[in-house]
Structures are given as structure tokens and as C-alpha cells.
Amino acid sequence: MLSSVLMKTDKNNAVLLVVCPDRTGLVAAISDFVFKHRGNIVDSDQHTDLETGTFLMRLEWELNDFQLDRAELQNRLQELAKPFQMQFQLFFSDQKLRMGILVSKYRHCLYDLLVRHALGELEVEIPLILSNHADLIEVARHFGIPFEVVEVPAGQKQAAENRQLELLKKAKVDFLVLARYMQILSPAFVAAYPSAIINIHHSFLPAFIGGRPYHQAYARGVKLIGATSHYVTEELDNGPIIEQSVSRVSHRDRVEDLIRKGGDQEKLALAFAVRMHVEHRIACYNNKTVVFE
Amino acid sequence: MLSSVLMKTDKNNAVLLVVCPDRTGLVAAISDFVFKHRGNIVDSDQHTDLETGTFLMRLEWELNDFQLDRAELQNRLQELAKPFQMQFQLFFSDQKLRMGILVSKYRHCLYDLLVRHALGELEVEIPLILSNHADLIEVARHFGIPFEVVEVPAGQKQAAENRQLELLKKAKVDFLVLARYMQILSPAFVAAYPSAIINIHHSFLPAFIGGRPYHQAYARGVKLIGATSHYVTEELDNGPIIEQSVSRVSHRDRVEDLIRKGGDQEKLALAFAVRMHVEHRIACYNNKTVVFE
Amino acid sequence: MLSSVLMKTDKNNAVLLVVCPDRTGLVAAISDFVFKHRGNIVDSDQHTDLETGTFLMRLEWELNDFQLDRAELQNRLQELAKPFQMQFQLFFSDQKLRMGILVSKYRHCLYDLLVRHALGELEVEIPLILSNHADLIEVARHFGIPFEVVEVPAGQKQAAENRQLELLKKAKVDFLVLARYMQILSPAFVAAYPSAIINIHHSFLPAFIGGRPYHQAYARGVKLIGATSHYVTEELDNGPIIEQSVSRVSHRDRVEDLIRKGGDQEKLALAFAVRMHVEHRIACYNNKTVVFE
Amino acid sequence: MLSSVLMKTDKNNAVLLVVCPDRTGLVAAISDFVFKHRGNIVDSDQHTDLETGTFLMRLEWELNDFQLDRAELQNRLQELAKPFQMQFQLFFSDQKLRMGILVSKYRHCLYDLLVRHALGELEVEIPLILSNHADLIEVARHFGIPFEVVEVPAGQKQAAENRQLELLKKAKVDFLVLARYMQILSPAFVAAYPSAIINIHHSFLPAFIGGRPYHQAYARGVKLIGATSHYVTEELDNGPIIEQSVSRVSHRDRVEDLIRKGGDQEKLALAFAVRMHVEHRIACYNNKTVVFE
């Protein structure tokens, strides 16, 4: 079966994501730290933004012969980080992230994520699907994922968001995916998951911000339509872009064809973003992403 | 819901597909025939292959005010066709084609087709899914499609194919889709559905014909991988190509990544082929396709 | 040599472009008209915009056995057009369009167009290159194209445009290409060449309208950059889009890389637009294009 | 001017390319070596092929404060390399590679390379263009590049190749680009420039190996055509692939259209390969390339 082909052999790796001011010796300091404690580096990627003087790095190493336990590792990294003003995140491959999904009635992105998950393409736990409608409960059930409805009546968004946050907290969700969720989240909600809410916008941002982008694209007569996955920030459709994908259209395509063709790009751009996020391959700075693909 | 957005308004159209030797007056003769019986042409596309002197045309018109009934139309078209040595196929938009699906254990293409069908993207009936394994029965059940298992034990292919053909006949299937079906069909089976079996091959044909194309692609070190949907003919992976789709790969991609990335292209190339087929947009000649997109 | 391979055999064809309100019988009326005067239709393409009720058609036929001379053809078409409120344009393949090119200092698009012209890819005459700088005179000389400098000092645009229009008129130019011309044309200038000035904008419109789009794209952190060829209208960067082309970028790409990668897309989108225009394959309506590719 | 925008600020960097058996501590050893001699690493990329146990790395650092001179650096690297069985190549950004170009009569790739060079996109010297025909001498002259004709009469390839090698040696050429050169090079010639001859093949390899690939593609009825840049090895069209690029085609495209569309992909795939080569971003192993983009 496909799933067995794709399932990675059980890994016991650490992943370190670093952002800090650029300075001579950073690569050497970090890789030497790992090496001297007997970590075998299996993947190393680094980027320096010369304009802002920002250094970013992703390092992955095997823990089999590593000499520090996880608590020690965390402590020693803090010591290492201090003189470099390093912000770092540390992950372990045997601790899968927990992803919550928010949906409304559109189901193409939801199916896409759940099929990929079932096939082993996404190394993530999915403890909860939240929706403001009951329509997609059978989809969740088919894949064996808990599904909760929290209606969002006009004028009662805050109560609804409180209930959503409560459910997400109970499900111990690490990050959220808006799989064509048709509600705008409040700044307070967004602040609860910083750099941890992934949205799919159905246009090639920054073109066609806001509502009904396919109708906007049709009216403008564009020859390509697109989809953009990005982290959600306070400002609508303006967070750090993770991935963009486009499809050719022509005068023969009506709005319904744009919706269909765009739907395929939405699935690809969203699935890519989720995979990069759960593999800890995205670093954010300056309202942009660095994707260590 | 998406499905309601995509559902075409009820159409009552005729579609005519024509292949014949090129000759002056063909466009005029056919369009005049439709017009004088009060058919409103809504789509007309034509291609002349100058090398072989072949004329191909697709014409779609509304039947609301059309003055011939369907039997008369068929008769009058035969009269029209004779002097031009025209081969033609006539379809009506209210008579959806019936599609049989053959699968084995891979499920990404099956899910993709069934979700699109549920969303109203494919105007087709699906009366039967046939498999040589029972693995995917729950998928069929979720979408409410009949599922039958016909095992194909080594040395007993002919008996199995007889049983398959019997089931397909009983389900009144018009054409077949091999959604990563892992058995090679016999020439007799292929002959039962001429230009009516669509396969998805997981390479950019004619590169990597035959088994394990992703492994072949990995060994060769290509920088793009592809998928090809085509009609099945007697000769393996050599039938008329309907669509090809590619994805960029790099040295970082292992065979399992090629399988994952290629899977996305398989879905796109297969779904496109099925949509073109059910909308009667494909004409075959000279082991090639003309796709009136 | 490549040029001889690409040179079309001498054709003696007529091309008719039609835009009119949709009505039953249009395809039949037009194709019958051509046929009864013994024109052999070699290419026919048609589009109906159901939303606005607009019918558009491109018809190409051989004139060898055609029974009307060119003046008669024009007259008879006017008679045919009247009852249908048809707007039509008639072209003959042996009368090549005459293209003027406006450039400033960037030369990648200019080289691209002139090499394609030399290779026989563009069936067009190029009687004049106009520039506000003398930098590219050697490029023009190498390809044997007349080159004139009309400086555009601040505050003297109108005098400059008058001089430009005079030179273009003298060179009997049918349409203009702005090959990265860095001046904004006045409404009066634009009005002198309606639907006949092709510009290349170095972004994926409508994203990044106006100046320094690559810098804008870099600042936003997009993952794809694009180029858009379009007809120039009074409103900046808002004319009918002919073609769009994109290229993948990553965090590794600095502004200079965006300029380089984008330059390739500019060349492709502009060359495609010019080829479609000189082959009379573009119909405009409703601030959009129909490209009969 | 574009060239000034694209021109990199004067760099004084070292680039190290490493291939060796994978082993713990490689990243740390190499980056520590650079750091302890005060090299500031500006770019670091690494790849481990787990299947073959091969480690590959590209490291670029600034030499401004570096404490070793170039001879010392070479010596110390040899010491470092020995215990790791490391094969390494060392380059300096102020020593541009010298590129020889071989052409026949097709000029689209030649123009493309020379325009990019003139614009500052390729950091390379071009001391010589060699051709078996005199046709393109004016192109070379326009760009100020020496051009020599060495005819290759039937049966006299060896004498011609001797003359070519002599001229290339005299011009101190480091590597060669076959910009649609229509002669097959002998194994002896190829052996004189190991991993240093870049060819552009006008198909999506391994499809359509050998002659007239566009005609082969047309006959097969493919829906995408491609181009492949690769290093030349003894076996025809079978060397390590550097880059592949594709373009969509349809039934409307004749062989001459495939040639035109394919030509654009040839230019892109070849220019990319040349840029990667001159920036020392390609490592070869196992008849594949790793492109540290």
C-alpha cells in the first residue's frame, strides 16, 4: 500500500530552527555544538539575509548516539544562544505536532488534507476538526477524526471564539489550518496562535485581497489564477506567504471554471504549507518566510 | 456548497464529434445543417491536420428550438456524412456517460475522482468500482458507489477478465478508468472498449515505459517528473496521449518523494482526461488525440 | 538554418475577426458566406460570452480559389455585418503589419524581439525603433532596423510625443510595442493607437501596479513573480491583459535575482502577445482579450 | 542600465565543493576549519545521499579577514581532506571561469548566452566561439567575442577535433558549452574536458534521445515538450542532467511550432546550467548532479 511506502522509517531526530543577527562563526558554533555531543547531522540549511543582517538556520541530527538528554539539550542550547542573541526552536521527530482544522462547507481542501494524512504524507496528529456548520461531519467520520460544530451567529463571534479556543486547548492543538474557513478571526484569536495559523487564500496575493477573489479575477480578465498559503496575522490576507501556486485560464473559463481550477491550486499550496510546517522547515522574520525545503 | 456553485444549469444540448478527410465546405455544411433546423450553436471548434489531410470538429448546440427529434437527427446526419466520408459521434448532454473504475490498492486517484464527482466537477455516472483487492471498499462505501472484488490470481487472468467484463456489461458501463490499476489488460479486454479505457501512467511518456517509473526516474537523475493520461491500446503505454503534467524535483527528493509529488500530477492528468472524455471533447486519429478544450 | 525551417510557406489567406451581439445563425452565416465564394476555411475558432451575450469569431481561409477580390470582399462583408450589428476586421496574410518599438535603456526585451524577428518567428515588418536614449543604437544597427532618438525632457513630454507620432506616422506604423519603455504615455498618444499599443509590465497584474514592482514583490515576500503583457489604455496598467507568465522565487533570491528571473518572463509574455497580435488572433471586448491561440 | 543593476558588488570569496563518503562530523569539521581562520561563511548548503552514503557540500566564505593565503588554504584543505577521503574543488570569485562556446548554424541559444553575458547575468569570460560554419560570425562580432571556424568534413572529424582542442587550449578555456552544436564529439574530445562540457538536448530526456527529437515528439503526440541541459559523457545524451524545462503544446502545434516553443525552453535550461556551473554550484556523482541553487 502507498501508505507503507511513504511512511518514513522510525526516526529519532532533533530539529533546530535558529533566527538571529548575522555574525561570523554562527555555522561553526552550532554545528560544532552538535558534533561534540555526537549528533550526526543529516540535514543542514542556512540563509543569510544581507539586507537586514539576519541569519537563519535549520539543522537536523540523529539522536541515537547523542550524549545529552532532551532537558540538558534545551539548557545547553540556551547557553549557546545567549551571546549570539539567538532565538531558537527545538523539535523532536518522535513528537508529532497536533493540528486543528477549521472548515465551513467547502470540502475539497479538507478531503485533500485528510487523504494525505491517511497516506502518511503528513507527519502530524489531527485531534480535532472544528466547523461553523454540520455539513462535513461525514467526511470527518470517514477518516476517524473528531468533529465539533461551533456556530458563529452574527454578533456572537466572541462567544463562539471562546468556545473554539476552549475546544482547541482541550485537544492540545499546536497549530491551526483554515481549510477554506469562511470566517474572519479576531485579533485576540490570532494572538493565541502566533505564527501557527495557516490559511489558504484563493488568489495570487497580493492581487485580489478580500472576498470573492475568483469573481474579481474573472472581471479583470487575468490569464493565470492562483492560490496563496500564508500565516495569519492581524491584517487580513497580509501575513507571511508560505507558498503560491498558479493555473492557466483562458477566455473560455467562466467563474465556475476558475473556482474548479483554483481549487486544485488551493489544495497544492495548502498541503505544501502544512507539510513544511509539520517538518519544522519554516522560519518567519520580517513578515516573510524562509522555507528550508 | 461548492457542488451547487459548480453544477451547470440543466442543459439540453447536442454534441457532434466529426473526423473525416479534409475538403472545402465542411465547416459551412455542418454549421448550416444545424442552423437550418434551428439549433443555436454554443460552442464550435475545429482542427485541420494538414500533414495527413484530416479534418476534425466538435460542435455543440442547444436543442430547445431544434426541429429534429433525436432519431431524425441521427438519420439526417448519416445522409450528411456520406458524401464527405465523415465518421461522427453524436451525444446528448442529458445522457450522462457511465464510467467504471478499476483500482488495486493505491487510493489517491480514486479519492480524487470520487471527490470531484461529489463536487459536481465530472458530469458522469459511476455505477461500478472494480478491484482485484478488497482494500478500498470503505472508500467506495463512503461515496455510495457499488464496489466489486474480482481477484486476478496468477495464471487465471482470462477467467478474471471474463468476470470483469460481465460485471461491467451488467452495470452498462460506457468507458473505463484505470485509477492506478496494477494489472495489464489483455488485447481482448482492450478490444471490448476501443478508445474508451483511460489509464494514468506515472511517468512523462515516452520516458520510463513499463514498471516502477519513479525508480527509473530517480536512477536517471531527472529534474522533472511527470504523469501521462492516455487511452489504452494493445501496445503497453503507447496509446493516444490525452494529457501530461510535470513537477519539479531535486537531488533532495528520494524515491518516496517522487512518488508523493508524482501522485499529485497523476491526479491532475487523470481528472483532466476524464473531464474531457465525459464532455465529449476528445477526438482520436493516427494514435493521437485532439482535445477541444 | 532555423529561419528557413520556421518560415511559413507563402500563404495567401484572409483573416476575419468578428465581435457582435450573440444570435442564432452567426457561425452558419459567416462560414456559408466564405464557402459559397469558394474560400477554403483552414482555421475557425469561436467564443460566446454568455454573461454579456457577446459573440466573437476568428476565421481564416485560403484566397487561391476565392471568387471575390479584396474590395468586393470588404463590401460584401459590410452587407453581411449590418443585420447582425457585427464589428469586423479583415486582414490579408500577404500584408504584414508594421510594428514600431519604443525602448529606453533595458535591452533584454528588444534583443528578444529582434532575434525572433530575424528567425522568422514574427511575421511583421519593423520599420522603426524609437528611444528616449541613444544607448541601444548598436543593437538596432546589428539587426538593420532604423533607430531614432526622441528625448523626453522633464516638462516637455507633449513636444516629444508630437515628434514621436510624426516619426511613427512617417514610418507607417500599424501598432506599437513598449519593450520596457520607461515613460508613461499621455491619453492623447494612447488614443492615436487604440488597441494597438502593447506593453509589458514587470509584475503579475493586478498585483504591484506602478513603479518598481520587483522591489514591491521582494518586500511582500511572494513565492512567484510574474510579467503581464497588455494593451495600453488611459488607465495605468489596467488595459486588457493578453498574457501572463510566472517564475518561482525563494528567500534566496534578492531583488537583482527577481529582476533577472522576471526578465525571462517579460520576454516570453511580450513575444507571445506580439505573435498573437500580428497573426490577428486577439479580439478585445469589455476590457478583456479573447486570444484565439 | 540593467547590467549595472545586476552586476554583483566586487566579491572576494572562496567557494569549496566537497564530495566524500558520509561520516559524522563533516559539517562541523569543514565549517570549523573556515571559522577558526576567520572566514565569514555567507552561504552553506549540504546534501547527504543516504542510499549511496555520499556527502556533498558547498561552502562560500568571505576572504577579507581570512588568515590563510590561497596556497596555504589549498595545502591545509588537503590535510583536512585526507582522513575523510574528501574530494574537493576550490574556487575564488575573483577568478572567473573561461567558457568556450561551440555552435553550428542555430543562433537562438548563442544570442541568449551572449545577451545574458552582456547584461552581467553570467560571471564568466568568453574568450572563444568555435563553429563548423561561418554563418554566425556577425553575431560574435556584435558582442566582441573572437570567432573561429573549424570545418568538420565527413571522415575528418579527428583532424578537426585536434584543431579545435588546440584553439581551446590556446584560449585557456576552462569549460565548454555546446549551444546547439550539431556534431557528436569523440570520446577522446570528451575526455579532455571531464564534467566540463555542457550540452543542451532539445527533448525531455530520456525521452527522444538522438536526432530530430521535435519530429519524434510530434509523431508521438505528446502534450508537453522539453529541453535538457546536461554534462556530456561518452554515452550519447546520457550524461548527468543539470536542468530540464518544459512547454505545453497542443494538437494545433506543428513541428515548426514545437521547434519554436522548444527553443525557448532550450535557452532557459542552458542558461541556468551555465549560471550554476560558473557559480560553482554543481557537484557530480553517480552520473547525477547536485545543484546547490
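Labels A, B, C and D are assigned to the chains in the order they are written; within every chain, residues are numbered from 1.
Basically, a residue touches a chain if its C-beta (ideal position, glycine included) is under 8 Å from a C-beta of that chain, and two chains touch if they have at least 3 such contacts.
Bear in mind the structure is a predicted one, so any value in this text is a computation, not a measurement.
S.K.: Smallest number of touch links from subunit A to reach subunit C?
M.R.: The fewest touching-chain steps linking subunit A to subunit C number 1.
S.K.: Please flag the chain sitting at the greatest distance from subunit A, going by CA centroids.
M.R.: Relative to subunit A, the chain with the farthest C-alpha centre is C.
S.K.: Starting from the mean Cα coordinates of subunit A and subunit D, work out the distance between those two points in Å.
M.R.: Whole-Å distance between the two chain centres: 36.
S.K.: Any idea how many Å lie between the Cα centroids of subunit B and subunit D?
M.R.: Inter-chain centre distance comes to 42 Å.
S.K.: Which positions in subunit D touch two or more other chains at once?
M.R.: Residue numbers touching two or more other chains: 50, 252, 293.
S.K.: Draw the chains as dots and join the ones that touch; what shape do you get: line, ring, star, complete or other?
M.R.: Contact pattern: complete, every chain touching every other.
S.K.: Taking the complex as given, what residues does subunit D use to touch subunit A?
M.R.: 24-29, 31-32, 34-36, 38, 40-46, 48, 50, 248
S.K.: Can you check the complex and tell me which residues of subunit A touch subunit B?
M.R.: Residues in contact with subunit B: 1-2, 5-6, 8, 105-108, 111, 115, 119, 121, 135, 138, 142, 252, 256, 259-260, 263-264, 268, 293.
S.K.: Quick one: which bits of subunit C touch subunit A in the complex? Just the residue numbers, please.
M.R.: Touching subunit A from subunit C are residues 47, 49-51, 204-208, 220-224, 226, 240-246, 250-252, 254, 286-291, 293.
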